[in-house]
């Protein structure tokens, strides 16, 4: 593949290679991009004159492929940053709005800072190995000294983690994803952030392997934190796309839980266990790519049809946009981890990975993180279910909460085709979980040293030496659920005879139900908001506006939200301090020629003393 | 040919004096001639062999060639852009119609001085040439006789004259050291002769001499903490002059520092001068950070970025090694191309908006698509974002640094950290400038002719340069690296 | 194949058949404990039969989600009923799904019902859905951690294998960790089945109900299906408790089934008495006190894990 | 007295004059001190010329007298008269601290050059240290004074230091270099004078405090 000798620096030739891991990611990129492109063919009609499939989009997709086929650090960085810049260009499509510009800037700066951290990791590897070739790094990994390895790992984890949207370096993600055109959000959230995972896997499993146990523990902690906080923040959102963006944070957390378990198992030399965790992580990468792209496209269709993404103004779309609703429901069920769809399959594998890793850990402090991680994964799954009951239930069911929503029209054929492909993929990846896991064998074998055993149609989390692990045959469960669900009315009819159905108005204590009576998105999330208030720090603000003195209430305005903890206490504090320091340092250039001459004199005197 | 190269701007200056009406044409012709001859002269040096010309007064090696190339390119761009730019200033009434003629005279004279710096073998004459650049460009900086421009020119003049005086002391000390070693007094200031005999020079004396030259020429090159004139001068000069100052003048001054660096390496040995370059390079990067983060003027923003990049080049030379020196030469070239492009874009924007205050510039991407794209992409490029060429050169320096001694590693860490912070600051401002909605009361657009040649072409070159370098340039930077490594006599 | 199908049908029929009875038993016992006569233990069968024969009423606002939800709910729970070994090992679908699949199927059922709660645009349904998913979110981590605690001893999440391992151990299966996990699962089951102190299954007071809120718009046959499926869910959870903590007596061969049936019945009776005692001795919690209870369950499960790890 | 001893004495006198300049706040007096300084420099040139017998040192002497002792002070005095300035008001440092610092700077100069071995130079002990000290003191003058004209005076003090260093190099610098340096100096001072006048015309003052608009 390296017939072309490109590269501006001496001895630095752009190189390409495709190994099993890269091939897996390339497949995800190509598959999802294909569906998204079909969708965008129709979606672009809503915004005439915008180059939705223009050069930036093509460069974006191509550079994502470039990232996974890059064979050396320089090629990788080129593709990596091209990907970031192209996606930035797409994010700021609506750049006249201040929020879009600010999101674009935050995104660009964070991704560039991340690139710098990645570059730092690469520089350390270069110092240690004298090469920029990924293959040579992998070959030299066992000889890497532990301090360098840990530094590389940490730099890579934070750098790639930023792209992946790992908490606490996630803040760009919920800003940038909602403001981008939806097909771009779909690609960014579905595919691009996964390349952060790609990088983490390369760093942790190939270039620095094998590391100490605390790496795995750290990744587990970050994964659990991202998963739980991500889903909690998602629950607090009313903007459908922002909600989906926070779910990306959550799912990255789930992927990291699998990867962390694998890292931990590998540090203990148990490659058979590591294979389960890694398979779970990779499988979830593909699954999240599929259903998150599907959901973002659905949100885009809703946005285009109703002009809003605010759940409080949606509702009733299941009747106005039945196909979109059905496809969105498939995505919702998949992301909520419901059998027999793909989300359940990979989460089940993650549970198993956490369990077997905890079981196999040699010490209590190494066993507890994966096991508690499993519990937090359960919490995440249940909260995700709550969130998508909210998203689908409030957004698509019940009564329309706004005129635009009441008059929404079904989206176009191209959009539906794009979504249908991915919805079908959700089902296929779930039912075909066992063959998918077998197909992931080469990639896991390359990274973890062994692959999960292929088990025909049944998925076995059964590492050697464990007698009774779990197994899962989603096709059969699906058959059972469907058969029994169909049998229930048949049996009831058989036993009790036919009955008639009457259609009447919903009971609302005697009045005709109004959209105002419906449970809102805010109200739906309230129990969870209160239960987890110490974590998410909700804020609310009630303004009572009076008329005629204080006797008559004209209007009550209620605003609620979540305190931006990370933004306020981490980033805002950091940037404020930076800017304050910068303002202070700007006194250097105080306009006084005398001061400038004094600097010159001071430099001269210092050098004179130094040269002595 | 070298003499022809020197004669071209001089003749053009005379032409401007003699034919006041056709001054713009004379200047443009001179610029074209300089461009062509500069290319030819530079190309002749990249083979890797050094040679004397013009009776021994001119010494040409790849390092001189690179500077000649940069001066010719940037100088030609500035001179060719000037007529349209000045015509607008005259149309706006900013300057009286009789004044441009003097502008062209000073411009061509400063081009002459800048071309002389890399060509002259004699260190004393080189000093004279550097001083001549100060005097001529100071007149250009103060060309708008507004208060701010005068203030900037005054500070520029005083600081650089003080600096250049210090450098002269360094030249004297070098002469002291040499005159004992080299019998011929004329040879005692010949750089090539000194380089050949550098090992015999008194190390203590050369240490002091290098310190003085570093502070002296460093002032001119814009190395912190002597950089303070730079943002004022770059900010207040007419845009083509800002481009010239940033792209060509700083390179010339740094060239002078590098010549002494080579002497110091030969005489003192070890890493004395390289460490000082690392120190000043890192300091320049660090000093630029706060001023880029909090900034109110577009051209000053780019001026501080110039401080940073000259620092990066100095740091690259300080790091050394084949890769580091190649990358330093590459970076010097990249900076000259990118920064002159950005200053020209800023000039066009400033004329359209009637201001350079960042708070009042908005919607450039809509109002002036070419300038907007170039501003945004060019800022990304100069801020060190892949896939543009400056990233490649910065990465090369960082790679060399990380493979080097502890001081180089530390400096590289400053490099990486500093560039990230500066990226954040520059992009914050430039995104606001380019992407906000444009004001409604903007003057109608009248694009400057050949905008693409001055803006799009360099941008494309920077983009390609991140992926592929023409063999011509690879050879050039390799040869410069070889000179800086000291492998050619 | 046919034999396996017959066994599956037998277990499913058994669990479906006894589900209303178990609830009737609990109600009767509760009433007796509270000094009332209470309803007949077979009363639930009569009510279900009545509902299944009645015409149904559907909201004009409802979509196909309202129609499909009972079927998905019932289908998912019936499938779950095939994953638990009740009288014999292995469970009918033993090799095809484990304890986590069971949790997943319950989640599927909950998802369908919670959506149905929002489908008619009524405030009560939304409230029920909202509370149902919130409480479940708190219950699930404790459940999974408790299952992990069991799995740490028995080797995995396969319920048939778990039951077999524990049954083979006999009284040695009782360990401190196991008891702590049992307590955790018991609390979770109270939440999952909508029992005191989390929910009161006997009330229809709008502002306190959780599960009933989602069913409010259902009537006639679909309501009957939903109620029966909910009762089946309770029985399946009891069976899970039995299989994961005290499966002694479960049949490994066809000959052991009668003895296993007796043992299973006795254990169900014990559970019914326990539930009745628990429901009679405490009041329903305010909904925002529920997290504390679930936190306690989580801590118990965590302690169970730690105990298992330390003692292993 | 031998040549080197005379040069040493003159060098110390130059340093003394420079310190006197630091202590002086009258502008006309400062220019006169500068002229005296330049005259002393001319004497150094003459001494070196006598001692070495090099003909072109006499050229240096002549140039010094012509440019430094006569031309430059005349230009400066004329500018002073043109802008009607008398005193350097409110210097940034008190005279006492300025003097203390200039003594400190002189010590640094002696320290930096103390160990230097000047093989080819005129055998004077202090000349090089004094020339470096003159440069630093000149810088200090520029730093502490507010008037544009004072800064030119500081700059010329620096130039004097450099010229002293140049003189004691055996036979001076090569002639063409020296001429170039002289011309440049002349042009430099002329351009600075032009700007001084333009600034005065624009701001109605030579107080550089007003030249502090460009910041940050």
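Just so it is clear, A, B, C and D label the chains in written order, and each chain counts residues from 1 on its own.
By definition in this document, a contact is a pair of C-beta atoms (placed from the backbone, for glycine too) under 8 Å apart; a residue touches a chain by one contact, two chains touch by 3 or more.
Since we're looking at a predicted model, the values are computed, not measured.
What is the set of chains touching both subunit A and subunit C?
Shared contacts of subunit A and subunit C: no chain.
Whose Cα centre is nearest the centre of all Cα atoms in view?
A
Quick check: how many Å separate the C-alpha centres of subunit B and subunit D?
Subunit B and subunit D have C-alpha centres separated by 31 Å.
Where the CA atoms of subunit B average out and where those of subunit C average out, how many Å apart are those spots?
A distance of 78 Å separates the two centres.
I'd like to verify one number: the distance from the centre of subunit C to the centre of subunit D, where each centre is the average of its C-alpha atoms, in whole angstrom.
Chain centres of subunit C and subunit D, defined by C-alpha means, are spaced 99 Å apart.
Measure off the straight-line distance from the CA centroid of subunit A to the CA centroid of subunit D, and report it in whole Å.
For subunit A versus subunit D, the centre distance works out to 69 Å.
Taking each residue of subunit D in turn, which ones touch at least two of the other chains?
Correct list: 112, 115, 132, 139, 142, 151, 208, 211-214, 216.
Using the touch definition from the top, which residues of subunit A touch two or more other chains?
Residues 586, 589, 593, 597, 600, 604, 608, 611 of subunit A each touch two or more of the other chains.
Among the residues of subunit B, which ones contact at least 2 other chains?
Within subunit B, residues 154-155, 158, 162, 166, 208, 231, 291, 294 contact more than one other chain.
When you check every pair of chains, which ones turn out to touch?
A-B, A-C, A-D, B-D
Within their complex, state which residues of subunit A touch subunit C.
Residues 315-316, 318-319, 333, 336-339, 344, 348, 351-352, 355, 358-359, 364, 367-368, 371-372, 374-379, 381-383, 385-386, 388-390, 392-394, 397-399, 458, 461-462, 466-473, 476-477, 480-486, 488-489, 492, 495-497, 499-508, 513, 515, 517-519, 523-528, 530-531 of subunit A touch subunit C in their complex.
Okay, in this complex, where on subunit D does subunit A touch?
The contact residues of subunit D facing subunit A are 92, 105, 108-109, 111-112, 115, 132, 136, 139-140, 142-146, 151, 208, 211-216.
Can you check the complex and tell me which residues of subunit C touch subunit A?
49, 52-65, 70-72, 74-76, 78-79, 82, 93, 95-101, 103-105, 107-108, 110-111, 114-115, 117-123, 125-127, 129-131, 133-145, 148, 151-152, 154-158, 161-162, 164-165, 216-217, 220-221, 224-225, 287-288, 290-291, 298, 301-302, 305-306, 309-310
Show which residues of subunit D lie in contact with subunit B when the two form their complex.
112-113, 115-121, 131-132, 135, 139, 142, 148, 151, 155, 158-159, 161-162, 165-166, 169-171, 173-174, 176-177, 180-181, 183-184, 187-188, 191-192, 195, 198-199, 202-203, 208, 211-214, 216
Could you list, by residue number, the parts of subunit A that touch subunit B in their complex?
Its residues touching subunit B are 6-12, 14, 74, 77-78, 80-82, 85, 92, 95-96, 98, 101, 104-105, 108-109, 112-113, 115-116, 119-120, 123-124, 126-127, 130, 132, 578-579, 581-586, 588-589, 593, 595-597, 599-600, 602-604, 607-608, 610-611.
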